[in-house]
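Common to both upcoming complexes is subunit A, partnered first by subunit B, then by subunit C.
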Partner chain A sequence: MARALINVPPKAKRGELIEIKTLISHNMETGFRPDNTGKPVPRDIITEFVCKYNGEEIFRAELYPAVSANPFLTFFTIATESGTLNFEWTGDNGFSATESVNITVE
Partner chain B sequence: MTRHDDTLQATRRRFLIDTAALAGAAGIWLPLATGPASATPASMRAAIRKVVGEAPVTKGRLKIDLPPLIENGNAVSLTVAVESPMTVEDHVKAIHVFTEKNPQPNVISVQLGPRAGRATFSSRIRLADSQKVIAIAQMSDGSFWSDEIEVIVTLAACLEGV
Partner chain C sequence: MKSVATAAVATALLTATAVAAEIPLADRKSGYDFMGRETRAMQDDDTANPGTLWVLDGEALWKRKDGAAGKSCADCHGDAQASMKGVAARYPAFNAARGRPIDLEQRINMCRTDQQQSTPLPFESKELLALSAYVGRQSRGMPIDIADDERTRPFLQAGRDMFNQRQGQLNLSCGQCHDDNWGQKLAGAPIPQGQATGYPLYRLEWQALGSLQRRLRNCLVGMRAQSYTFGAPEYVDLELFLMWRARGMPLETPAVRP
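Showing the complex of A and B:
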């Protein structure tokens, strides 16, 4: 299981703009680097990231090999109601990781 | 004497031309011989066309934030911000980032909606060479806006051996 770090403010006012920061450990092998025999190392990257707020999709990213190792993504959303933010990463070789964070909206 | 001078001049000229040609050839051929094929401006244009279709792309309304001089191309912080009220009627649907000389032109594509509140995202990307980076935003009304930036990369990413 890949280690993921999520930063979401635990409390927010209704209608407030909040910043979400995510980081996941993954080496994002590009598929373009040769190994010591000269053959390229097979590609192994995270291809997709989805963030859902109480089940509704608020942000989605499609990643390519040009994204650095340990993909870091920050984005914004409006705090509408208390609930859960779900994060999901999927990638090559059946890679899948999920994480969730609770938020209280006053 | 004159005749001798002429030959000397001619030889020197010949030598200079040959050296320049050789250097030019080496300069052009070495990267091709060692590196894998990289995205060219043409393939970047093709990748952009795939996203926008035949729609016109206008400059403006968004801003790429990328350091102009990059020491290490393996992790370059990238921020793309689009000016938009982000309402249900008028919001940014997607932001795409492309490069000219990475092995592939696509870097990252994000999809967002009115619930994002602010059409801005950040990430860290790899850059294989000094090149042009382009971001394109797709609005809810179907228009496309772009911004481009030239960056200088001293240590390239992606292509070194393990």
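Showing the complex of A and C:
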């Protein structure tokens, strides 16, 4: 199971711009590197990241082999209402990881 | 004949003074001070520092029972936040059983073989790095405090000699870059002082956490010198000297470096 770190302010004022930072452990093997015996190591990367705020999609990213290991994605949104932010990473070889964080908007 | 001998002595003296330029204590700088604003921000924020991923893995390993003894690290040492505070700042440290200094990774593996009756973790394996990062994290911000006594002194001297020894096809010593030319540029990148304050650290170039020995191996390969196998006494002596050289500086584990 991949380990993910999420940084979302636990409290925000309504209408405030908040920064969301996400970091997930993943090798992001490009598929272009040879192993010790010269055979290419098969590609194994995260291909998609989606963030939903109370069920509504607010951010989506497509990832490619040039993205570094342990991808760090940060983005901004406007705090509209209290609720949950859901994060989902999907990738090669059936990779899937989810995280959720609660936010209180006053 | 006599003039040849005099010339040889004169050359030896010149060489001796050329390598004697150790950085004054007050002028020492961590590699952190040579980094850009963004990389510094990455190290300072635990949720942006990828080293945290290893620290969290280490925390899980700390509590995992292992080996024939069926013991976890926590079974002997309890809460690492209390028991491991300051430990990493004192390593490499002299080990009486081995009769020489050992580094933190070797100490962890000694616990694994002797106490847990398990197999030692391979050097640079994810598990060993996770454990050393977790133990190191407990000393973050504490001053590096290497014992300089009659037991460690011969090994400190061996490390210092290696630091000042020209080697490899480029015929360079560590000190020529890190004592004499720090702050200058090497292929566009600043040359740091080589203060080993943040190991194991996340190097963006590696896209992973790595130990000080991995970093030393990098430098030796760059000098086109013969590198040693991981865990070799030569590395530990050099680690000991480097940590002593950074004495009093705060530990940054897990640091981030470009």
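Here is the rule we use: the second predicted complex is superposed on the first by the 106 of 106 C-alpha atoms of A that agree within 3 Å, B and C clash if a C-alpha of one lies under 4 Å from a C-alpha of the other, contacts with A are read in each partner's own complex, and residues count from 1 in each chain.
One rule holds for everything that comes next: contacts are C-beta pairs under 8 Å (C-beta built on N, C-alpha and C of every residue); 3 or more make two chains touch, one makes a residue touch a chain.
This one's a predicted model, so the numbers in the text were calculated from it and none came from an experiment.
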| item | value |
| --- | --- |
| Which superposed partner A:68 touches (first subunit B, second subunit C, both, neither) | both |
| Of subunit B and subunit C, the chain that contacts the larger number of subunit A residues | B |
| Contacts of A:6 with subunit B and subunit C, given as first, second, both or neither | second |
| Touching partner for A:25 - first (subunit B), second (subunit C), both, neither | second |
| Which superposed partner A:80 touches (first subunit B, second subunit C, both, neither) | first |
| Touching both subunit C and subunit B, counted on subunit A across the two superposed complexes | 68-69, 72 |
| Footprint of subunit B on subunit A - complex, ascending | 17, 30, 32-36, 40-41, 53, 56-69, 71-78, 80 |
| Subunit B - residues contacting subunit A, complex | 36, 74-76, 99, 102-104, 106-113, 115-118, 120-127, 157-162 |
| Of all residues in subunit A, those that touch subunit C in their complex | 3, 5-7, 21, 23, 25, 28, 68-70, 72 |
| Subunit A partner contacts - residues on subunit C that touch it in the complex | 42, 45-48, 50, 52-53, 56-57, 204, 207-208 |
